[in-house]
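There are two complexes below, and they share subunit A, which is joined by subunit B in the first and by subunit C in the second.
The block that comes next holds the complex of A and B.
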């Protein structure tokens, strides 16, 4: 192993110091950093335009909650597109599962299983059944795509059309309301948030995870004598990561329960209300917590498990993946099952927010989800795309839509901007790749 | 995990008496009624190099794809160590330690060299996650022997040169204790220095007892490295000859005319030597 003894510090010294080289040495994904900066620019831009009111914690919480439905699905759509396929049915699948949750709660569970509103963990039973429905729909579509060989565009276009019809048939055209109170927490109102203490606890766990990952990575490299990141870069990464997490937690805790709800809470719990009202920090909304969990899990699947490696290898060269002995059909089928499960998660958030299901839950989601993945750097040529990128893409698109709405522009204007930004983002990316010649 | 290049105590000699490690009997591969390979029988012994030659479309690659599982045969038998086996896909072939270096290399361009070397056979940690460190470490060791200048272990293989990509494909084939190695035009895209490297590697692997099918257009490669030469013509096997019994002219005659040396008439041989028909270095 004598050929790898050049220290990274030497490498940097050889290149001469510049900001770009520093980022390279720290092994920061420039693309992801660029997207973060773009998101920050959008948020601060609207803040200036709105005279400083846009960046309030309550606004940001609403924005984040609105983005979760699409962002959760985008994590799966990345894998679908990376594997050179498409899923146009996600919106309709979300619709079917949302209606399933609503009917389970109001009709099926009490009528067929005798599970009425006093039954514990009713929300969990509904959620489990919804996930099962998603997995089955995904498996059927995935089977037709992978094993029968019908192009995914056709199969999922059929799914898009027919499953929306299924929603109507399920409820005979009626909207269904009346969800379990616990289930409703997933919708993320002030009560549907995890509160101040848990938010700080989550931040602590996040910081520990960042430090743990950096340490683990460094130990792995040392174990095999690979080049290490410079120490300053490790420290900077750890510090920036922890500060960002703590900052977000503080930001989430800077918004408080509405006065009415706080007063009611104080009375119910026999707390004497101080002058100026009880200040209960809202903390992270549950949907955001769910999104963070989904993102971490999906990124883990995509980068640390064989499944993810096979998805990317298949996207890079399907024939090579097959010749390497990968069961490519099974891999493809699993992607669609995963997509179905994510639809169930997205549908749970939507149903909880609405306290029920209407006929058009998830309508046009497929377009926003694909746009989020593509803005987030996923390439239709296959093999390229990241989970965090897609989540950021969803937030960029939602920040634009929410900001324009906040400034009083109606949805046609929002759609015009969304479409133009989609093309600009991908065009800029294509231009960059051609010039840089690399990723 | 075993070492990449096990050093046998005494290099086994391939001899006509030794039992073959693989026999392909009466193999037929059809593409919609067209027999790309028709009733071909061929065998390979330990530590032997069989040069597989023939014109374009002669069926060399297709015959080898029947063995590597990329395109299972429609008829015929494959016998490994005296037992008839079924090779229905590339996974089956790897179970029998049959490794293949494809002409187009079959690399996933968007992932790095270690990921390609271990594609489909990733090393995992006790938690079931991929052990990228161990895979990169093994790849570095392999490359130190195959291509010492290779340094780009973390870049997608798309950004590598032709020789480096070839090294990745070779590393993948030799790392997993291959017993039977199929090399489809391994030097076609390489410069002279890299070609010499590949030739050295073939000799080294042969000395370690690996049986090698070598598909090549380069008659020099074939004469330099092979023990026996099998000539294919329009999907059929013309003949398998021992290298020391034939000349390059004989083999070229077989490739072009599709007839064994004894069957070729004087007149046909004369016709072969028309000016411009053959590269001068072969006819001299």
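The block that comes next holds the complex of A and C.
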């Protein structure tokens, strides 16, 4: 422990080696670690209860795909709540954009632009327009909140109500189905996954990124004369990060296409099927890839860019941020635009999964998203909350819902458990904070 | 259809740009030639026009029937608002309605309106939705909801007499989901077959409820049930889904899991589900031909106008939907313990080969929508030709 660089208050706590001190030295976010352990406990708990069948790769892929829609939104909701605001309209915005995608594919693109099913990149055109719709809705709401000064609770409550009405009007009350096959890949079935090779490649990139980031941080700290992490901690972090990523890739690749789909694939591509069937590794589902990309981008934005700094500064103390010369209104407006764009991403996943849009896509998402952010350690007092925490929060909530459904419990039971866990998680957090453990 | 939808879409886009504007028009709008002309004015209060079926089938047929019989049709849309429906009824009475047709937003909140009608001596038809009435002055005209469940289960049980079933139910707070449809399933023999062991339930034994009849939730639940069934090497042989929005989620879960398509039931005749029927992703859709419901209500309203008592009403609708109990009202025991005179029409179970009935009836789902993606190997190939 001699080479551990300590701050004065840590010296007081440093009475010999303890697990907690080691974690502190490695600068591991204890709350995040706690969340990970809680998630692991839930998964292993269900595994025991189900007689060891729960932790199968296919099941975990289902769980992950089901969590993406809410998790993507939760990364944005963190910033909204950190900035002492709220967005109740996300579910309805998702509904409007989902219906936009469905109508673009089945009606508007072919009717108005002559872009029918043979046209390549139809999915990209639809996605671009959806993102534009999301950004515009976000900008309008953000403008009213930041510049007109109407409380966000009121503005987004209005959005929740009126935009759900817009969905009805757009669809004339009926579900619209029939999405582009390429668009459907975002839904993450066996075909909608990136496959074995790409999964390994992604893992390699991820592993290198972890190591690169550690090296970069160490160099920067040395350059500015900041205290360094002990070498053993750096090595351990790199090893654990890399192993976790490779382990996840191996896990994702351990499930194979369903036999029927594999046979069809073999026939379509003229491959002679070996005895025992063709084994095609599924790999990471596309929506999960999208979620990882969104999480990395949002975490980068929140912790490494000026925009993110401003959001946390404003959330910590609005007056001080204003006096420090931060354009707080512009920052607030940008948060809502970002939220609108994330709604477009979430809507794309939902539409791809449903192969269309129903009237209730996104219904009550706002509650799940806020719950995910809060379970993930975001504080309504403002200024506190992390992107990875919110994503983990979404996974914790979905793991409970999926696990209970998997065990054959009915949806009212799922709701009871979700509500109790929400209160427990926040209560535990508040208790910890009062005791002074990790802020 | 698609042009109209596109135009509506543009209007919707404008609403988005205008931020907080709520859809829906003003209150009580007249639809007939300004009253007074005919001696029989029928006032209709809709709870909402948000589902396409009301505007596409119920309203025009009712209006046609009444006007062909020399009456006058006036109506109002309460836009899902209890209070507004009460004031709508007031204004319909003031405008001279001799008979009221009520599609109640809430079967208890509507009672003050019923009292007003009674005070004015106006007979009331409860259209499609029950009103808990104790006075015997209401005629209830609807499709047989227990019969819908029965038809769903009969079709699926005939196709798959033995095996593993998933039960997919709707919102736990809706009496249709928790009481009427399941009792129809049991009447068709589901309960006995479970007791005898011919049918085993996969997933929750009492059925998986779907809050808000939400398609996404149904999809998530079904995916979990499929995963659990795969883990225990159980093959799902059939799915009894209560309605079309849950059936759509089930079909998508089966699709995303590459499970193939065991027979799935549904009801409502939604365009997306009729399309699934033609594509073989859903086996049966129990269809309530609401054209006939509108005609029945129009006929009954005219007769009540002429001074007939509720008991003396006699309707004349298409034989395929005619009430099993005959063309005159019979007693119906409500869940609230009251007895209401009622005409209960028969629903029509549709499989892919019977889609022609929908085309012939002028349903709001167009043939293009229903037959989208159908090729020569699809179950709906013959009907879609």
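Going forward, the second predicted complex is superposed on the first by the 422 of 439 C-alpha atoms of A that agree within 3 Å, B and C clash if a C-alpha of one lies under 4 Å from a C-alpha of the other, contacts with A are read in each partner's own complex, and residues count from 1 in each chain.
The working rule: a contact is a pair of C-beta atoms (placed from the backbone, for glycine too) under 8 Å apart; a residue touches a chain by one contact, two chains touch by 3 or more.
The structure presented is a predicted model; accordingly, all values stated were derived computationally and were not measured.
Undergrad: Should the superposition on subunit A be reported as showing a clash between subunit B and subunit C, or a fit?
TA: fit
Undergrad: Could you look at A:313 and tell me whether it touches subunit B, subunit C, both or neither (first, second, both, neither)?
TA: After superposition on chain A, A:313 lies in contact with subunit B alone.
Undergrad: Under the stated touch criterion, which partner chain does A:321 make contact with: subunit B (first), subunit C (second), both, or neither?
TA: Only subunit B; A:321 stays clear of subunit C.
Undergrad: How wide is the angle at subunit A between subunit B and subunit C, using CA centres, rounded to the nearest 10°?
TA: Between the subunit B and subunit C centres, as viewed from subunit A, the angle is 120 degrees.
Undergrad: Who touches more of subunit A, subunit B or subunit C?
TA: Larger number of subunit A residues touched: C.
Undergrad: For A:159 in the superposed arrangement: first (subunit B), second (subunit C), both or neither?
TA: second
Undergrad: Tell me which partner A:25 touches in the superposition: subunit B (first), subunit C (second), both or neither.
TA: Once the two structures are laid over each other on A, A:25 reaches no partner at all.
Undergrad: Taking the superposition on A as described, I'd like to know which of subunit B and subunit C A:169 touches: first, second, both or neither.
TA: A:169: touches subunit C, not subunit B.
Undergrad: What is the contact status of A:383 with respect to subunit B (first) and subunit C (second): first, second, both, or neither?
TA: So A:383 only meets subunit B here.
Undergrad: After superposition on the shared chain, which partner residues are touched by A:258: those of subunit B (first), subunit C (second), both, or neither?
TA: Only subunit C; A:258 stays clear of subunit B.
Undergrad: State whether A:226 touches subunit B only (first), subunit C only (second), both chains, or neither.
TA: first
Undergrad: Considering only C-alpha atoms, give the closest distance between subunit B and subunit C in the superposition, rounded to the nearest Å.
TA: Comparing every C-alpha of subunit B with every C-alpha of subunit C, the smallest gap is 30 Å.
Undergrad: What part of subunit B is in contact with subunit A in the complex they form?
TA: So the residues of subunit B touching subunit A come out as 68, 70, 89-91, 94, 100, 102, 106-111, 115, 119-122, 124, 128-130, 132-134, 136-137, 140-141, 144, 148, 151, 156, 159.
Undergrad: Tell me, which parts of subunit C touch subunit A in their complex?
TA: Answer in residue numbers: 2-6, 8-9, 11-12, 15-17, 19-24, 50-53, 172, 203-217, 219-221, 223-225, 227-228, 230-232, 245, 248-249, 252, 255-260, 270-272, 275, 364-365, 372-373.
Undergrad: In their shared complex, at which residues does subunit A touch subunit C?
TA: By the definition above, subunit A touches subunit C via 50, 53-54, 56, 58-59, 62, 66, 96, 103, 107-108, 111-112, 133, 136-137, 140-141, 144, 155, 158-159, 161-163, 165-166, 168-178, 187-192, 257-258, 260-261, 350, 353-356, 358, 360-361, 363-364, 401-402, 405-412, 415.
Undergrad: Write out the stretch or stretches of subunit A touching subunit B in their complex.
TA: Contact set of subunit A toward subunit B: 1, 3-4, 220-221, 223-224, 226, 304-306, 309-310, 312-317, 319-327, 383-384, 438-439.
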